[in-house]
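Please go over the structures that come below.
Next come two complexes, and both contain chain A; in the first it sits with chain B, in the second with chain C.
Right, the complex of A and B next:
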């Protein structure tokens, strides 16, 4: 499938409008980057990918620095061509595409537990990796490197224990 | 009467930690599958945003041990895409050699685990002994049996001289006949066939819908090998190098094992082809390249299937966001299709057949 063909297929169906650009990697493989103006249009994209017998490879999420909300990028594959679709959500919800493309299942569940971005309509409500004792959206928080690597708390409990040992 | 059966999270038959909650009928046929993950989640995607680009080269090699070379390789491709670095052709060749050596060792490990679970210890011993030649090769050339540290952010850390190339070819001369013999035995061994043929079937339609990749896809008749569909590195410049993938239509445990054998023998052929025509020149561009603001998505074919890296940078020394998807991340869901309706005794064998890498998947 040529990227232009995919662009033509979505042109009249995307209600909210979108930005489109082609990209080429260092080895000449083409990929598409689509930025949706309306996050709900991801359903139309998913249906088009399905019509081309494509799959959702994965989805990337991150919390925006400059404006309140999250960016979500879905990465689709259609017979070796990557289609990257970016959308923005300001209220931590997106429309789940798992009912259309089951290959998006884990990617959307991970978005939910790491960034608290809820895929509305996702068939599975269970946690994927993290225990229920850990709040949703853990990657939205700032966690210091020492705490992350060594499990050292932000409190001075460890330091107090060291001081206690020294006195002994 | 329904039986409730649990396997894991820690069991001698499981390579890594995972917890199965199964329900089976009187004939031990599985009627319900629940799989619980998360026992070795390390938050690595968060950790990489706290480390600089050079440190992340080290960290990505430690995502997993069996496919450890693929992570820094793919990460380096993402950084090079953003920095606009064109890697020297000799480095591309060296990267492919390291990757294919790793593929042979990784796939042979999975096959030996299969024979272990099938209680065919003679076949397991011979598979592991064959693999040991590749392990020795890794130790001699890269200095380590698992983490090869082959990649730099603009090339490779290692080079091959005449003596090392001779050693590679001598090792392949020893290994290749053993591999062909093993392939024949895996194909025909009655005991193994009895335990693997028709077991854990993944029909092609389900495989397409779930989006499986690698030998799991090829075992169900789907070719989405990145080296063929979106060639990178030396595979992009030399079309003859791209693998002739083995496709099997059966979709069972045996088909996946034989698809892996196809990968292994093609890897041997690729290594021979590359060393026979090594490009001359440097092995890297610069040791500490500047990484500007940008965004890249790149992918490679790891032993278990498609590995994809997303990288976003802002011109500082650390990534803003780094995300990677390993083959097991999608192959995992296929387990539910494979296990449902099969026998309880086959569960660990079916799990092994997707060559699960849980430390990769959970990160």
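Right, the complex of A and C next:
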């Protein structure tokens, strides 16, 4: 499948409009980047991907700093060509595409527990990995690089104990 | 009193399984002595009197551990296996980690390593048995227990406990920055730098040795990482890296490492190069020499 062919297939079906661009990596592999204006159009994209016998590889997300809400990016694969679809949600909900593409199942559940973005219509309500004692959307929290690299945290009393017990 | 039969039960509290694989080797390979001793491996925690616990204690495993502990009959001994169980290692400060282990249970023996060698795990279990015997006879646990298995060795290339050559170190903090498990802390005072390597937090990745520009920090093949709980925070390699006094201005300064000078001036005798002079005075002296 050529990227242009996929673009033509969605052109008339996407009601809310979208931005489209092609990209190429260092090895010459082509990929498409689609930014949806209306997040509900992800269903149309999923149906088109299914029609081409493609699959959802993974979905990623991040909390926006400039405007309240989350950006979610679905990465689809159609016969080796990567289609990346970006959408924005301001109310922490997205339409689940798992009923159309079962390959999105785990990725959407991860979005739910990591970013508290709820995929409406997802068939599985359970958590995927994290314990229920951990707050929903834990990756929305700011974790500084210094804390990650050097363990500089209020709760890290271990080194204080080392200092106390170790006589220099 | 009849001889104690150690009944071992293993609990994984979110370990990557590295320690568990080494535990299997320690438990069932004859040369590690545990398989040929009287140790019994039980399949129900309520029959155990020696717990071997691996993992950093994830949020999800906390309730399982607590539940298992309620079923144990006292006295029992706990052997924490792996750096994760001792100090959470590379997972410390993660949102999903509730450890280390000693927050929830009184640990008796810690076996650091990532993963520890089967020899270390066998030594840890043997020390755990000693502690159990003392508990059963009502004796006080000693502060240290001598090495039990003296016939273990490691190849020269084994990446074991880290060590530091203070003559080569300049306190540049590269090792502290690249350490993924916060096992290195460098402090500064008026006299110089104090370089600390906390062995119970080290994951033996060798990052520090790889990135050290002077080759001051290096790994030894020592796998002597089995310590009693009271040694948890004191098993630290401490090295002083003193400042020198500048022979010109009298200011305290950190002299360049002999190792680094040796790399930079391969054709010169580094001992004759600007000794006892701070970088500021050296610049002035060189400027005067060139332009005076």
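The rule we apply is simple: the second predicted complex is superposed on the first by the 142 of 168 C-alpha atoms of A that agree within 3 Å, B and C clash if a C-alpha of one lies under 4 Å from a C-alpha of the other, contacts with A are read in each partner's own complex, and residues count from 1 in each chain.
Going forward, a residue touches a chain if its C-beta (ideal position, glycine included) is under 8 Å from a C-beta of that chain, and two chains touch if they have at least 3 such contacts.
Predicted, not measured: the structure shown is a model, and the values here were computed from it.
Student: Touch check for A:130: first (chain B), second (chain C), both, or neither?
Tutor: It touches chain B and chain C both.
Student: Chain A residues in contact: does chain B have more, or chain C?
Tutor: Result: the larger residue contact count on chain A belongs to B.
Student: Looking at the overlay, does A:55 come into contact with chain B only (first), chain C only (second), both, or neither?
Tutor: first
Student: Quick check on the superposed pair: does A:84 touch chain B, chain C, both, or neither? Answer first, second, both or neither.
Tutor: It touches chain B, and chain C stays clear.
Student: Please work out whether A:165 is in contact with chain B alone, chain C alone, both, or neither, and reply first, second, both or neither.
Tutor: So A:165 only meets chain C here.
Student: Is A:68 touching the first partner chain B, the second partner chain C, both, or neither of them?
Tutor: Touch partners of A:68: none, neither chain B nor chain C.
Student: Touch check for A:27: first (chain B), second (chain C), both, or neither?
Tutor: Only chain B; A:27 stays clear of chain C.
Student: Common interface residues of chain A with chain B and chain C?
Tutor: 130-131, 138, 143, 148-149
Student: Considering the complex alone, what residue numbers of chain B touch chain A?
Tutor: These residues of chain B touch chain A: 37-38, 41, 43, 45-47, 50, 77, 80-81, 85-87, 208-211, 224, 226, 228-233, 236-237, 296-299, 306, 308, 310, 312, 320-321, 323, 325, 329-330, 332-333, 362.
Student: Note which residues of chain A are touching chain C in the complex, please.
Tutor: Interface residues on the chain A side: 130-131, 133-134, 138, 141, 143, 147-151, 153, 155-156, 158-159, 161-162, 164-166, 168.
Student: Quick check on the complex: what are the chain C residues that touch chain A?
Tutor: 58-60, 62, 87, 92-93, 95-96, 100, 176-177, 182, 185, 194, 196, 198, 201, 232-234, 236, 238, 240
Student: Going by the contact rule set out above, which residues of chain A touch chain B in the complex?
Tutor: Result: residues 25-29, 31, 53, 55-58, 60, 62, 65, 73, 75, 77, 79-82, 84, 101-103, 105-107, 114, 127-131, 138-139, 143, 145, 148-149 of chain A touch chain B.
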